[in-house]
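Note that subunit A is present in both complexes that follow, paired respectively with subunit B and with subunit C.
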Partner chain A sequence: MTGRLRIAVHKFASCDGCQIQFLNLEQDLLTLASRAEIAHFTEASSVTQPGPYDVSFVEGSISTSADLQRIREIRAASRLLITIGACATAGGLQALRNWKDHDEFVRAIYARPEYIDSLARSTPVSEHVKVDAELWGCPIDQRQLKRVLSDLLARVAPRIPGESVCLECKRAGHVCVLVAKGEPCLGPVTRTGCGALCPRYERDCYGCFGPQEDGNTLALGRRFRELGLSDEDVVRRLRFINGWAPAFRAGAQAWEK
Partner chain B sequence: MLGTAKGEPVMSVAGLLKRDQLDVLIQTLRARGYRVVGPRAKSGAIVYDEVSRADELPVGLVSVQEPGRYRLEDSGNGRLFDYVHGPESLKRFLFAPQETLWTVEQNGEVRFKETLPEIRPLAVIGARACDLAGVSVQDRTFLKGRYNDFSDPYYATRRENLFIVAVHCTRSAATCFCASMNTGPRAREGYDIALTELEDAFLVGAGSAAGEAVLADLPLQPAHEGEITQAAQAIDAAARSQTRRLDTENIQALLFNNLEHPRWDDVAERCLSCGNCTLVCPTCFCHRETDVASLDGKESGHQRQWDSCFTLEHGYLHGAQIRPQIRHRYRQWLTHKLAAWIEQFGVSGCVGCGRCITWCPTGIDLIEEVNAIRLPAALRRRHGAQPEAKT
Partner chain C sequence: MSSERRIEVPVLTRVEGEGALHVHIDGTRVADLRLNIFEPPRFFEKFLEGRSWKEIPDMVARICGICPVAYQMSAVHAIETAFGARITPAIRRLRRLYYCGEWMESHSLHIHLLAAPDFLGYSDAMALAQDQPGIVRRGLRLQGLGNAILGMMGGRSVHPVGARVGGFYRAPDQAEAAALLARLRAAAQDAEDLVRWTADLKLPAVARQAPFVSLRHESDYPMNEGAIVSSEGLNISAAEFDAHMVEHQVPHSTALHALINGKPYWVGPLARVNNNLDHLPPRTLRLAEGTGIHWPSTNPYHSIVARALEIHFALHEAVAILEQYTPPDKPFVEIIPRAGVGAWCTEAPRGILWQRYEMDDGGLVKKSRIVPPTSQNQAQMEADLRASVEENLCLHDDELRARLEAGIRNYDPCISCSTHFLNLTLKRT
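After this line comes the complex of A and B, so read on.
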């Protein structure tokens, strides 16, 4: 990649919160715009340019047959494809439908079900095309986004750590809510990136950054059982925003009746 | 120097400081330009934080510690230091969790800038024997000497400016095993001042010239033989109350001859690979260095951050992952801590503080892991209900 980077931001099934993290960069967004060409970002501007793009950021999960087609086109038009957020990276909250009868939802909710073209499963982008990097979080973290953008502009591989939230807790000096309060904190099996936001406010992590690189959800589930959670509680805890991510999926399934 | 019942040397005793006079110590340190840090109760644990007055210190709290569990409870008395310890040792004051080592700017020309820490004397009140032992272990890693050709200037600057007010433990937590590691509960060296808490006073002694100078400013009363004996006995009783003990006999051969022991698979079923054990350990020194560029591309900072042998990044060398499974990573931690450390630094990497036991979210106890490898298979205890065995 030489010259100015051509950047695109695309949206699939999502709440737009991760794109808003881009917009919330404020002054930094202007700096970005001065160093890169933001060619396609409909949340920010109605002026959109066709590909090819150097970097495509993708928000949202693959949820309709039109999505299936469009993600392939985006992949073909992009040198690098980076997913942003829980939806694009793990299927998102809407992936809760993956465990239920999709057609029954459609019949129950829509007056004219025949107009609805949604897939039975909400799936991450990586189930359909090659993904070069993943930014986790619901929503993504601005400092992390900024670092990735800075790395891309410096033409180095973006650094996205995969370790547990606990490391950040300990560096920051937050007292562990699991050990000191018996809270069912998912931090040990959750990926860092949020700056240990929940434990900072004495709350247990609920895993919005998805699974860490190689944690042990089964062992943490056992610990939650010892702390008084029921099997069902353990399933619910892991099957939430990133429930379709393989490590959380397996961790929840182990306790399912 | 006075002898104890066991004939071990104790600190030189300068006198007694009434408990209600402890504030004079804090004010004396402050007047001498120290930033004073001491124990504070926060979020259900004791942490180190700034103190400006003695009445900010936690009163009448004990920590009830067991594997994976920590609770503060009322002791029903007015003592200040019965809490024993919290998750933090002195490590964060010397080896910073995260700091920028240098920055580089490009504005026509490329300019490097040093970012050595600001020299600000720091006094820490409440350090325990295990904490002092931890510092002396880390000194071997970060300071020039027999084990190291260079001093880390960031660590060294803070080390030179650290004043330690130690507390001899007169109470141990259930996870403590310093007595078996020969590091406590009596602080032997490395402090400036040491306190032993008695009913309503502290027996006070100095361990350095700087400590003596501070003590000269305090309203000390003479200590009598009875109080000195009482203090020594209270420390000995804390040692005797410890139920955990690490058997270090032949530990290097034991661990290195058992690198394929089934216990590594067993512990890997319980270990989360969260890294808490390494970060609370007073001696763990692993870190990573990365460059953080600004968005405008004009400057960049070279950042150092605590790392852990439980991260995949830590085991990633020359394009290959050398510790792909949790069993490899737990084995790396335990064999380095208890065995390879001795080869590397001439001392165990464990000082017996028990923090890794208390602060492990699943309560893995390194002593049990070592025992399981040491003991015949029939005596090993298996852990944890499997999800299949539902209640």
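After this line comes the complex of A and C, so read on.
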């Protein structure tokens, strides 16, 4: 491959926060624009170029029938496809609909449900097409994003760490909110990337970076029960921003009566 | 008929979220104009049901990546109202500081990365930066300062983790506050220059009549508190909001349209400035008067100047709060859940954001409603665009399309948030 790296950023069902992490790169955004070709990024530019792209970053979950078609087209037009954020990687907070009666939701919100194109489930991109790398987080972390971008610019495969928030938190020397405060912290089962932000802010992690590679959600659930949480509390804890991620999904189900 | 024209903007760019515009012109008449929002619905209000008060600030933040603080602030105040909890003056000041960060970040991002390229003839800020690097870098510096305030209060600017019902999990220490204060003071000139620069842009001269709706506080420029007022005499509390503002569904949009007593209305920075000129601190007011604009202004394009004025205001407000700052003993008040209903409205960067919660005695949400600013502005935006088409029939299609796109962006529509609302009361006729 020759010439500048052609980058695209695509949006599906999301809050736009992961794209905002690009726009909040501040001066580094200008550097990126000078080193790569930002070929398609509708939130940032009126000029949009058709594929093929070297890398497509995808934000948002798949939640309408039109989405299903578009994600296949994007896959076909992209050499690498990288999901950004909890929505694209695990279905996002909106995947909470996956446990509910979707049609009832639509009827409750819209007087004319027939105008609304919405699938029963909100699902991650990887349920539909091949994904080359996943950047977790709600939102993605800018340091991780920058590392991935420099890997890509250097034409090496991006590497994304999979250890737990808990390890990072201990290294940073924060007071453990689970032990010291008895708060139901998800740090032991959550993937690192945020810099152990919540413990630094003296509160419990709520799992916004999704499951770490080999966390034991069952053991942590038992620990939460000892802290006085009810079964329903434990279910809600895991069934949250990354609730549809398999490890959290299974963890929550174990406590559901 | 040969005079029939169609203008299509299939994908709106430089806006948050996904939308499109369709215009059908028949001779000199706009036969049809639709601002089409196809942001997939995410049903937030439904899945807030059954969730604990502790989870709500982290959940509603995810409605919008560019104004998570606004969602958190309306939610915490509404839930505190339902529980009968009262925050301390120290927490009130910290919440104001937190909001200053979001206004600075969101407004700077909009002015430089989304709107300014329109008025200067560029496709995006990256291209603008090649010719006028100083302008874009100044904007990014101010945006960065907004991010720094949010970073101090909540660790990050998108979905910060520090806010809770009752206050904050952690208060900044003295050293952090002092470091930030120094950075803010050093940017005072940037903020002043920015106002003058926006006022010198070649902005279209138009006038639109619609009620301006904003909060109004007894003494301060409004952020977290105040009555909901309009330039036409409305003056209500947040609890009365849904008696006056009615949402209804239109076929071409997943966002519901809101009307005030059956008419479009207008929220956002221009409405705030117009309704609260006398509450701007003297130095911001002097700058406003120095722009040569006759305030209150009915020109929607003056929104960019209003945003710059609010950046200036927020910067000095943050400085004033930090100058007086000593860490509070405890950054939150204890929360005792009880059954109740609470409604609240705060000023998101894009205008008033209303939320209402019905809580049970265990502190779980029974019912919630959220009405974001973009849904409130939609009807007004369409009315404005119709007028723009009629005024600009002589333009070629490409120019007209560009003009309309700029007109939409000028409202800073946040389409990702504009969609997840519910429980409209629809009158079938």
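The working rule: the second predicted complex is superposed on the first by the 255 of 257 C-alpha atoms of A that agree within 3 Å, B and C clash if a C-alpha of one lies under 4 Å from a C-alpha of the other, contacts with A are read in each partner's own complex, and residues count from 1 in each chain.
Quick note on the criterion: a contact is a pair of C-beta atoms (placed from the backbone, for glycine too) under 8 Å apart; a residue touches a chain by one contact, two chains touch by 3 or more.
What you are looking at is a predicted structure, and each value in this text was computed from that prediction instead of being measured.
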Should the superposition on subunit A be reported as showing a clash between subunit B and subunit C, or a fit?
-> fit
Could you say whether A:G91 touches subunit B, subunit C, both of them, or neither, answering first, second, both or neither?
-> neither
Which of subunit B and subunit C A:S164 touches, first, second, both or neither | first
Mind working out whether A:P139 is in touch with subunit B, subunit C, both or neither, as first, second, both or neither?
-> second
Can A:A219 be said to touch subunit B (first), subunit C (second), both, or neither?
-> first
First (subunit B), second (subunit C), both or neither: which does A:L197 touch?
-> second
Angular separation of subunit B and subunit C about subunit A, which is computed from CA centres of the superposed model and rounded to the nearest 10 ° | 110
Quick one: classify A:V175 as touching subunit B (first), subunit C (second), both or neither.
-> first
Once the structures are superposed on A, label A:D16 by its partner contacts, choosing first (subunit B), second (subunit C), both or neither.
-> second
So, does A:G207 touch the first partner subunit B, the second partner subunit C, both, or neither?
-> neither
Overlaying both structures gives a minimum C-alpha distance between subunit B and subunit C, in Å, of 11
Both partners, subunit B and subunit C, contact subunit A at residues 202
Which part of subunit B faces subunit A closely enough to touch in the complex?
-> 42-45, 47, 68-71, 86-88, 92, 97-98, 268-276, 279-280, 290, 292-297, 300, 305-308, 310-313, 324-326, 358-363, 384-387, 390
Tell me, which parts of subunit C touch subunit A in their complex?
-> 11-18, 38-47, 51-52, 55, 58-59, 62-66, 68, 105, 109, 113, 117, 123-127, 129, 133, 136-137, 140-141, 143-144, 147, 154-159, 161-162, 164, 169-170, 248-249, 251-252, 254, 405, 416-417, 420-424, 426
Residues of subunit A touching subunit C in the complex | 11-21, 23-24, 26-27, 29-30, 33, 38, 42-48, 63-64, 66-67, 92-94, 96-97, 100, 105-106, 108-112, 115-118, 122, 138-139, 194, 197-198, 200-203, 206, 208, 233, 236, 240-241
Sites on subunit A touched by subunit B in the complex = 28, 31-32, 35, 146-147, 149-151, 153-154, 159, 161-164, 166-167, 170-182, 185, 187-189, 202, 212-216, 218-223, 225, 231, 254-255
